[in-house]
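A short worksheet on the structure shown next.
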Amino acid sequence: MPAEVKSLNEECGVFGVWGDPNAVDITHLGLHTLQHRGQEGAGIVGRTPAGLRRHYGFGLVSQVFAQPADLIALRGPAALGHVRYATAGGAILENIQPLLFRFSDGAVALAHNGNLTNAVSLRAALEQNGAIFQSTSDTEVLMHLLRRSPKKTFKGQLIDALNQVHGGFAFALLTEHGLYAACDPNGFRPLVVGQLPSGGYVICSETAALNVVGAEFIKDVQPGELITVTNAGMTAEQYTTHTQLAVCSMEYIYFARPDSEIHGVNVHQARVAMGKRLAREQPADGDIVVGVPNSGLSAAIGYAQESGIPYEMGLIKSQYVARTFIQPTQALRERSVRLKLSALKAVVNGKRVVLIDDSVVRGTTAKQIVQLLKDAGAKSVHLRIASPPLRFPCFYGIDIQSTKELLAANYSVAAMRQLLGVESLGFLSVAGLEESVNLQTTAPNRGLCVAYFTGKYPTPLDDYAANLKEELSKLTLNVKEVAAR
Amino acid sequence: MPAEVKSLNEECGVFGVWGDPNAVDITHLGLHTLQHRGQEGAGIVGRTPAGLRRHYGFGLVSQVFAQPADLIALRGPAALGHVRYATAGGAILENIQPLLFRFSDGAVALAHNGNLTNAVSLRAALEQNGAIFQSTSDTEVLMHLLRRSPKKTFKGQLIDALNQVHGGFAFALLTEHGLYAACDPNGFRPLVVGQLPSGGYVICSETAALNVVGAEFIKDVQPGELITVTNAGMTAEQYTTHTQLAVCSMEYIYFARPDSEIHGVNVHQARVAMGKRLAREQPADGDIVVGVPNSGLSAAIGYAQESGIPYEMGLIKSQYVARTFIQPTQALRERSVRLKLSALKAVVNGKRVVLIDDSVVRGTTAKQIVQLLKDAGAKSVHLRIASPPLRFPCFYGIDIQSTKELLAANYSVAAMRQLLGVESLGFLSVAGLEESVNLQTTAPNRGLCVAYFTGKYPTPLDDYAANLKEELSKLTLNVKEVAAR
Amino acid sequence: MPAEVKSLNEECGVFGVWGDPNAVDITHLGLHTLQHRGQEGAGIVGRTPAGLRRHYGFGLVSQVFAQPADLIALRGPAALGHVRYATAGGAILENIQPLLFRFSDGAVALAHNGNLTNAVSLRAALEQNGAIFQSTSDTEVLMHLLRRSPKKTFKGQLIDALNQVHGGFAFALLTEHGLYAACDPNGFRPLVVGQLPSGGYVICSETAALNVVGAEFIKDVQPGELITVTNAGMTAEQYTTHTQLAVCSMEYIYFARPDSEIHGVNVHQARVAMGKRLAREQPADGDIVVGVPNSGLSAAIGYAQESGIPYEMGLIKSQYVARTFIQPTQALRERSVRLKLSALKAVVNGKRVVLIDDSVVRGTTAKQIVQLLKDAGAKSVHLRIASPPLRFPCFYGIDIQSTKELLAANYSVAAMRQLLGVESLGFLSVAGLEESVNLQTTAPNRGLCVAYFTGKYPTPLDDYAANLKEELSKLTLNVKEVAAR
Amino acid sequence: MPAEVKSLNEECGVFGVWGDPNAVDITHLGLHTLQHRGQEGAGIVGRTPAGLRRHYGFGLVSQVFAQPADLIALRGPAALGHVRYATAGGAILENIQPLLFRFSDGAVALAHNGNLTNAVSLRAALEQNGAIFQSTSDTEVLMHLLRRSPKKTFKGQLIDALNQVHGGFAFALLTEHGLYAACDPNGFRPLVVGQLPSGGYVICSETAALNVVGAEFIKDVQPGELITVTNAGMTAEQYTTHTQLAVCSMEYIYFARPDSEIHGVNVHQARVAMGKRLAREQPADGDIVVGVPNSGLSAAIGYAQESGIPYEMGLIKSQYVARTFIQPTQALRERSVRLKLSALKAVVNGKRVVLIDDSVVRGTTAKQIVQLLKDAGAKSVHLRIASPPLRFPCFYGIDIQSTKELLAANYSVAAMRQLLGVESLGFLSVAGLEESVNLQTTAPNRGLCVAYFTGKYPTPLDDYAANLKEELSKLTLNVKEVAAR
């Protein structure tokens, strides 16, 4: 597999509208609301009187849609938008979504959030049969499968294609005739349906976006479900019944907006519950509770309430994006970090700080924050993480691709404590996580995917299986440390 | 006075460095830290081997300095930077600071934060004598006075000029020979001096910027004080002794960063103290305390601690700037507001909310937030403001230019309660404000300027006196309402 | 056929290099030289150490490659570039060439100059078999045919594909292993091979580009010929022997640079010869000969030499591109035209002007120029056109798609004379054109394609045949006028 | 004098309109027409209902005015525009004209073409008296003198100021009340007045711009004349009678457009006459006459007509601006030159070429062109220059600031012939130049300034006198060569 053709499409936001005269402007608002799900690129396809038209580019929604004309050219009664996750390097314009396919018999727009585990082998087989791919992303595989299906209808072809792709996915497709959306058989990635006051329908990644555009929540798209919206209305059907709920727990822990509900559970309240449980599981002897802005704040509120230790604002996040260049000295390079986050000396000086964060990935940021607090005079820092240690990669759409980058995959809790420079370190348990989210289901792990914590993946890993096995085999060399965890 | 020549230079941030090889890059970091003090424009003058060079433009620091080359061209051992407050319309490039004056015998850069009360009359007199102004801002007056002084030295001329301008000001000047800074005789506007590890000096608007660049705090520039930094070191002297401390209280209430200290008082802690005092002065019967992000959060923490009502995250502020265009419908226009701020339904639904904000100016934003909370199911909203009602304009550098725009100048508290749609409304008292900040001084109003609350200005108003008198005379027509306040 | 999928790729310039360390920079110079062949967009694919990389966009070469970094990122020992003809509306980024196809087993870049007559039917058939196109241009058809060929080698697959496409084409392809180029069986479009001082090879549209980059001319690519350049050297072979030379005569008349040679004939000298022949065929009684800058100047020199009437500079073309907006009044709209071209009153006032232009398409420009001359005092204007009347569309790559836009397809010479407002009007004969170019060949029409003058096309018209027949049938309604021509 | 404060404002174009509702759009067209007079920057000040407004920036008119909105914001019944000559380095935005001065009692826009010989001493004296300059250009001096005049009226103050500046100048000023223009007492720089069909007036640098906007020529502004246009109409008066005509001969030779008339003489015809005279003074034994495009073409036509040697197109100038970057090799650097100009091998191969250019400054370009011709096979090149050798700097507005850069100031004709690599070299005589232009006047040198050829300046050189004397004294070291000229 050449370097260029790899999986780049982890985590994204999807927003589509059918049947509202302001579909494009509503999609634009919706993408702004989903901006936290992807900052690398954005695009909208509108169903104009002259057919499907696209505007897209690198950057934030506000950068890609810089002129009113960018939206006006797309206007019509339906639209599909997408925001794309920031990835390091290798970014090519052809990967920005929605992809737009122009056929002699009409056009199709395609947007995706997730990651396919069998994309590489499907692509190789398709190319063997003459297929030409325009992007290097997994997403395009679906369209080739669809176009090669012998079925007579678009929906029939789509169901054929959906049954051939594996992994975590939330697809949305727009044609001249309808808006289509489907979730993988485990429901890894969130996707919801809502209705506008006009009667039009919205399909998008999070309920927060429904709220902002004034749409009423109708339903979460279920595992293995296909939603079809046409001028005849909305229908839901199972394209497969071989399903089992395993919602990505990182959506609750870190990724989704606090004002969203996923499968009936509010994200902020789930985080508050994790913070409370963490206070019981991992108590700390501190003077103040400080959350890492913004993703650690909800859990910090829960921890403070449960522990009785006062909640304080010890860290301040800048509301402006700084554009810094390569600094002439190492000292200035370190200073650049403080543009994003600074410690409130008057608050933390002389205090024993209980620092709450949502998770630890590489540990680099946590280490810098601890240093900030100590520089500001904190007597001690007791780090409490409102999720279990991240030890395994995700292959369903969260950008954790290798154990190499995961601190907890390579070090014991004791070693991590030392590396991060904190007086004590504690994580939430997997059971604590599952009970805090508290999904109403009989599925394993209470309906959550917790594979990054346990290494037990809910599906076969297809193209990734061999690599992971090799990677994990190398990790066992540090067997003593792992045993000590 | 023609429309173009008016006071546009309220509120800004100033950052200068002398004696560090990375002066320009440090200034760039510093301006990022002071970005909250001005978003209309930014500029840096660097002391290059080829003399003073300038890069400046409209927009945020990250927009004006978009390429590494923009900084590289300015590099040298000294620099002066400025961020400018966003003002509606009339913006011309010539007003972006630092202003750079090129003379046959050398160049001078000038940056300013504040507002001069006698600028219009000084300018008219100078023009009468042949002076040509390049900008429409007050700032330039200082340079004309300086250049027309009969004194022999630059510092002598500067002292002459400083003694002729009135109002609130913090000036910084850069020449080939030194960095100079001065505060008005009341110390309305903050200005501090710090020292870098290299031994170089920093002069800037807030201590938060010292922290970010790693400079140690040396001193607040005192009322009537002139700071001189040259290769021979730093000196401080009084250019006038006719002084009396009257720090702008809005800096503590709203404008400065929470991690800054002004005259020895941390801004966040002052706000927490205001919140605590507010809880005693204006108690409320609520289930949760919710602060308006971000400026109301500190006071909300204080209010919650003092009242015992749980602090909750009921409002979420987007961390991305949305660029929205004129919406095609009224419904979408209203939705656009929710891109910035959204209510957390799961938190506020069915609750009696004690909503804490730092201040009320026009009341438009407060009204929208109340509506957001009610739409999300809040049973009642009890609005508590951690500062007294704003009833009078500011002429010392805060952008409140007329009583027309001030809600509290036109309505009683009872009327405001009704207009804002809240169940109860309460403000902090002036005494409560003064005691919360608690400056260690015997000056009137405990060293604060509270003129916008009381109408009692610490200095004569010069060019503004007549206008204000007329404006206030019109307000007395609503005498009954005012009496009822 | 939906509106979007139509032939947009008429006329372009192609420039490729293999085997020179500065391949990318040479290609950049080459594209500048070929800029007259296309101003809509430009692109270069470079063979970098990390594989084929592309930079492309809308606009002139100088706009697309605006930063040194745009080139540096592409550097390596081979490159392929393209400039694209400006077309009205419908322009989408996906059509800018070279197209870059990324396969699991390597990448291929493709650039094209020409038009395929059977592209629409080939595309429909390919889509029927599951092919997905990324652009709406004909060019991409070749790659799908190539990838579906059962042959084992890239060259074998390419030959397969070349034998399936019809029309006028000059293709160039770049892979990691070689640079390939081929001409259609009639050699409609020019394509030449040259060698650099380094030993590397250049394949490009015109010899003028060889001169500018310092490459020595090796050969014109012959009808039905395939050129292969690899590290083993250059080879030429016939992919078909079913060939007959029919070089596009518009290349000599108008399109190519005067300093290029096509099949051994210098373009400027061919135009001078046309001007001389025109002077004999269509003499005029005038005081001065004035050429329309720049494309009519060569013929004007020839006309002046042969007729003995003095050559004069009566029209001046601005060397700066003016950007004008919609003018507020009709008078100003007419003035805008004069920014491009102005008449030299001192030269033409009171004179009988023999005006020489290369061709008449719509007649709009000619009419404006005549008016300019008359406004400047010309006593009379005798228009002489150094080519026959354009009466039929071109389907081999020149952007004349319909008879509707062609003045001479709709009006007799007498009627045109009246419409253009000239005292007399004369065209070169088809025989005169053929003898002026004077190609050394026994092919029909002396090796030229003159179908736009005669309606006799050298190949079947495939997908265009039915449409043309219908169009021409409507024209016969004006049968009397046509008869009078 | 510090490096920054030097004369940068040589050669420019001025265009003003009073009394036409489309003044701004007309000025925009006019500036496009004058683009050859300056490519560094452009600006327009419009008299809007809200006072004078300015849009300006670096680059071509089409770059500075990139959006319709740029013009719309300026619209009103009067406007003043300027294009600025490209100068190497030191360019600062503050120097882009028109300068706009905002006073408490109104605004004034100022545009200038020329150079003041006493600007440095005037500026020093003004600064001594407290004046602050915003630009580093000479132009601003006029405004300071005007504002310090004791006269009561604007026109009185302007006349005061005009009588204090020396050198070559064409000033235009716009206020809310009128449009003013004045020429220096020698009329070095061209300036003309015209009238629009609407009755409005135009004042601009060249008649070509009058033609393009449809204005009728009224008069050349005379030496020492002040033109005043208000709503009451146009008046002309002498602000001084101490005048003597000395039009810059370089305007006829090289700088002005061929379709302009200056003091009644058409520029193209003057060049044709110079070419004819050159043929008589400096005959050559050649096969073809080739002009250097575009400025040498007029003289080449004259030379060909007079000598009977055929005029040919041996050099081709690209109509596209190439943007090239630093080339990786010396060979490529040399190639870049050929993007602008290429030789027509088919024309020059084997020929004895008589090459005609308008002037020789440094000789670099001439040398490259000769090389191009020889590379293309020219048997010999006989260079004929349609002006005398440039040996002295210009201080009246042409960008020849030092003898160092002038080939003819440092080498004899024989030496230059060798350096340029030509078989023979000949220049037009000063008398030949004067008689070819043939101005109807009794002034010395037939009303032309020929100081760059003779070293005899029509006015005292003020601030430049000492420097020139020293420079020339160093040149006498090569006394033998100079003697041999």
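Going in written order, the chains are labelled A, B, C and D, and every chain counts its residues from 1.
Note that a residue touches a chain if its C-beta (ideal position, glycine included) is under 8 Å from a C-beta of that chain, and two chains touch if they have at least 3 such contacts.
Just so we're clear, the structure is a prediction, and the values are computed from it rather than from any experiment.
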Furthest chain, CA centroid comparison against subunit C: B
Distance from the mean Cα position of subunit B to that of subunit A, given in whole angstrom: 38
Geometric centre distance via CA averages, subunit D-subunit A, whole Å: 63
CA centroid of subunit B to CA centroid of subunit D, Å: 50
Two or more partner chains touched - positions in subunit B: none
Pairs of chains found to touch, sorted by chain label: A-B, A-C, B-D, C-D
Interface residues, subunit B side, partner subunit D - complex: 1-5, 50-51, 93-94, 101-107, 120, 123-124, 127, 129-134, 136, 140, 143-144, 147-148
Subunit B to subunit A touching residues, read off their complex: 21-22, 25-26, 28-29, 32-33, 35-36, 60-62, 65-66, 68, 71, 197, 208, 211-214, 257-259, 261, 266, 268-269, 294, 297-298, 301, 305, 310-313, 316, 318-329, 331-332, 335-336, 338-339, 342-347
